[in-house]
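A, B, C and D are the chain letters, set down in written order, and residue numbers restart from 1 in every chain.
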Amino acid sequence: MKLLSLIVVCLTGGLLLYGTADLPDWGDPNAPASLHLSNYYIENAIRDTEVPNLVTAVLADYRSIDTMLETAVVFCAGLACFLLLRDFTPKKDHHYRHVPTGVILHVKNPDRQVIVGNEFEDMDKEWLPPDTIIKTVCRMLIPFIQIYALYVVAHGDFSPGGGFQGGVILGSSFILLAISYNLKYLLKRVSEKFLGILSAAGVLVYMGIGLAAMVLGGNFLDYEKYAPIFGEHHIRALGMLGVEIGVGMSVTAVMVIIYINIVSEGKHDEGL
Amino acid sequence: MTELFMLIAAKYNYCLYVILMMIGLYAMIAKNNLMKKLVGMNIFQTAIILFYVSIGFKHNATIPIIMGDHGHGGHGAAINAADYMNPLPHVLMLTAIVVSVATLGVAMALCVKVYQRYQTLEEDELRMRLSEKIKL
Amino acid sequence: MYWSINLVILIFVIVCALGAIYVKDLLATAILFGAYSFMMCLLWAIMGAVDVAFTEASVGAGVSTVFFVAAVFRTSRRTKD
Amino acid sequence: MIHYPAIVVIAPLVGALIAGILSFVEERYAYPAALIATGISCAAAVRDLIYVAGHGPIAYHMGGWAPPMGIEYRIDTLNAMVLVLITAIAFLNLAASWPNIKQEMPDRSPSFYAMYLLFVVGLTGVASTGDLFNLYVLIEITSLSSYTMIALGDRDRGPISALNYVFVGVIGASFYLLGVGYIYIKTGTLNMAEFATMIPTLQDSTTILTAFILCIVGVFIKMALFPLHVWLPNAYSYAPVGFARIVAPLMTKVMVYVMVRLMITVFGLDYIFIKLHIADTLVWLGTIAILAGGVMALAQTNLKKMLAYIIVCEIGYMVGGAWLGNDLGLTGAVLHILNDGLMTFALFLAVGNMVYKLDRVQIKDLKGLFAKMPWTMTGFVLAAFSIVGVPPTCGFFSKWYLILGAFKAGAWHFAAALIISSLICAVLFFKVFEVCFFESPDTHDGHGSDTHGRHTTVAIQEAPAISLAVLGIAGISLIVVGMYSKTIVVRLIWPLLSS
């Protein structure tokens, strides 16, 4: 079996290598790829959209339907993890730790709830000793990660960055919170319902901007049509910023949804 | 012989993405463990992204961000297209990376679900347990 | 100047890719997979694709390694081949 | 300013998002929202068809940018027809499979509707986009949503077959992406129409040849043509019924549409048939697909698996027909996209009703089904006649064009395969009818025949009314499309081929 797959792989590899013989040289400025369309983008993007970062200009304005469908793919992945893994059966046994004495209570029937106050602390089955170093460092680190993520989303027009990267960084700050403390700690602050709605709302923001352009008479996602409302100056850059925020919202929510569902196998109780 | 070497030297980037792709394809087909197949799948997709990005590369050209005086409404000096990299492959690859992560996330969820049901991720053990299930 | 750095990084990339496939323990595969993504991010930064490098770093090296480790946590860590 | 091309794709996406939100807020309203979304999309698609049939193709510039710079949705007669097919089947299937979904996944059906609508977005987008890379993103949406929905079906085998589908689907989509990369590196453009104008100058470059082979192989993998079909039978038979009813008729047919689109508009007919010499090998591939699909279907005991192999056989029809090289063959292939979609939809509707009532689809368990479920079985028989190719139904007409094309092109092996497969389908369906009609239902198995066929009066346990109504509509549409196939061909398909 392994030998057969090796032969198949080498065969396709050889065919592709033979195909590369006719490709233009790597990196020469007048290869056909970089003559026709990209020259238009380089020369005219500044004049049309006043956005220095060409990649964001092409991403969010010239080919904005691509990015909207891209956000729909991300939303689809989040919904998929919710659909596949989430199971709503209540957990049978709970573990509580009495903080002052360190005694561990193992409550079997689910309706006897123990108030998780200052005395009792909720904990997972594979209980890890509370590592104060990790907790304090992460507690201090997370706000700065989040501010940086918002900067990346907002600053997509001028520096490399944008909705996807900022959203992922914001999402990973929540995941860091879940890893340093435990999953229930995160779920108390960021409920699953909020994440589900945020992921759908992000794509809806993107779609709303497109549909409003349609209502105002232009084609779908044509930011020029907002001029009468928001004034002529920098209108496309504003449209792109709104779109990037929508993308950032949905990517953040989806990354956290996927993490929560994979790590707790859908029961949302114990995690990494 | 030197002509062949010059040919390879001029296009070595395109030859190397094929090698990466074949590693990914081999891992997807021949590996026994489902998670290893996932790694192979991601390597396969990243290799194609490498091919796209190496299309957009131009010698002695800067990154596709137009800084400085051209920035204000384009009335500055005319922008020479040769000294900026080609932005279009970068846009396409932003989409492809996010698609590969979304597919990876869904495939991970499927692996966890398969493990929940059969307690194994090895292809041969799975086949055995599947055939057992049919007999009973 | 590009030529030499590119080749070194490409060799690292291929070594990480082969390592990620042939190592037995899945957690080691996850770490090597993160290293592979990071090397790819370096390669793209050199080739001028700054946005793509940023995305690959945050999405490839960052989040997919976390998903991988989370999935290994929920399934088994040892592999036979 | 007609916005219908955009509305067809955007309406299901808005519906999916609203259903996604509603599944957390107000679960009751998710289903009506989904119904409204597919309804709007279907109305917009019909309006599109009427407009295109009247005034010629629409070019809708997304974001207000002209084609090479921005993305353009070109709607001409071919994809207007396919769009109407997709949205009509999506709307009818949603109406019919409400009880099935409620039965199979009671706790998460609202989000299932959201995922279902995302699948419809992907399909409508694939059928209407005019940009090569945008097509890849839309293929990703369709496959991602079909991976998850397949895994929600059978508790034991669903996830494994979905995982196999993930691996094969990713290889297919990535080959297509690589083909687009090779096209882009040689021409610098991603727009289909513009690439078609550049093709004559690049006729003999190996890069364009590799690009063509990669794109076609990628589409063949997603289409489950015979040697690459391994994932299809498991995926479609273990999928939940509500979803199997839309993925079976549409997913592979939309990929055939993509292949036809690549052949006609992107690479151009003269480049394919004159420059390349692979036309007859592909006709042979189609023949092998037909025969292998038919033979494997004979060996199946599970009804759903049998229908899945019949789909593989139908794909052989279309691929073989498209590559015959003459306009009759291509007309037959395009008409077969429409007819086969309807036929498979009607078949899976009937199977869905059976599964709703019996919950087991082994052929030997279908005893006495005519007595128990008369209406479902009449729909099933009608669809079976259409697949075999009995004149009033639409299946016959597309097969007729395919056979004419085969004779004209002198591809005797293809014509022979067409006729043999009709016989095989006939044998297949009569095997099922024999079990359903003649064996009495509830006697203890084994010697049930000693009552020599006396029909005990059996209580009719019919599927819910809504599913039967939709099955009725599907059945009637089979005959109506059959009747009007001449007008469809003349008005819609021939202007396309003449251009």
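Things worth noting here:
Everything below uses one rule, namely that a contact is a pair of C-beta atoms (placed from the backbone, for glycine too) under 8 Å apart; a residue touches a chain by one contact, two chains touch by 3 or more.
Since the model is a prediction, treat every value here as computed from it, not as a measurement.
With B-C and A-D as the two chain pairs, more C-beta contacts join A-D. The distance from the centre of subunit B to the centre of subunit C, with each centre set as the mean of the Cα atoms, comes to 11 Å. Centroids built from CA atoms put subunit D at 32 Å from subunit A. Subunit B and subunit D, compared by their mean Cα positions, are separated by 29 Å. For the pair subunit A and subunit C, the distance between mean C-alpha positions equals 19 Å. Taken residue by residue, subunit B touches two or more other chains at 12-13, 19, 25-26, 54-59, 61, 63-65, 88-90, 94-95, 98-99, 101-103, 105-106, 108, 110-113, whereas all remaining positions touch fewer. Multi-chain contact residues of subunit C (touching two or more other chains) are listed as 2, 50-51, 55, 59, 63, 67, 70-71, 74. Contacts with at least two other chains are made by residues 133, 137, 140, 144, 147-148, 151, 159, 184-185, 190 of subunit D. Each chain pair that touches appears in this list: A-B, A-C, A-D, B-C, B-D.
Per the touch definition, subunit B reaches subunit A in the complex via residues 7, 10-15, 18-19, 21-22, 25-26, 29-30, 54-59, 61, 63-67, 70-71, 73-74, 78-79, 81-82, 84, 86-91, 94-95, 98-99, 101-103, 105-106, 108-110, 112-113, 116. Within the complex formed with subunit B, the residues of subunit C that make contact are 2, 6-7, 10, 13-14, 17-18, 20-21, 26, 29, 33, 36-37, 40, 43-44, 47-52, 55-56, 59-60, 63-64, 67-68, 70-72, 74-76, 79-81.
Partner subunit A is touched in their complex by these residues of subunit C: 2, 50-51, 53-55, 58-59, 62-63, 66-67, 69-71, 73-74. The touching residues of subunit A, when paired with subunit B in their complex, are 1-2, 5-6, 8-10, 12-13, 16-17, 20-21, 23, 25-29, 31, 33-34, 37-39, 41-43, 45-47, 50, 52-55, 57-59, 63, 66-67, 70, 73-74, 76-77, 80-81, 84-85, 158-160, 162, 164, 251, 258, 261-262, 265. Subunit D meets subunit B in the complex at residues 133, 137, 140, 144, 147-148, 151, 155-157, 159-160, 162-163, 166-167, 170-171, 174, 177-178, 181, 184-185, 190.
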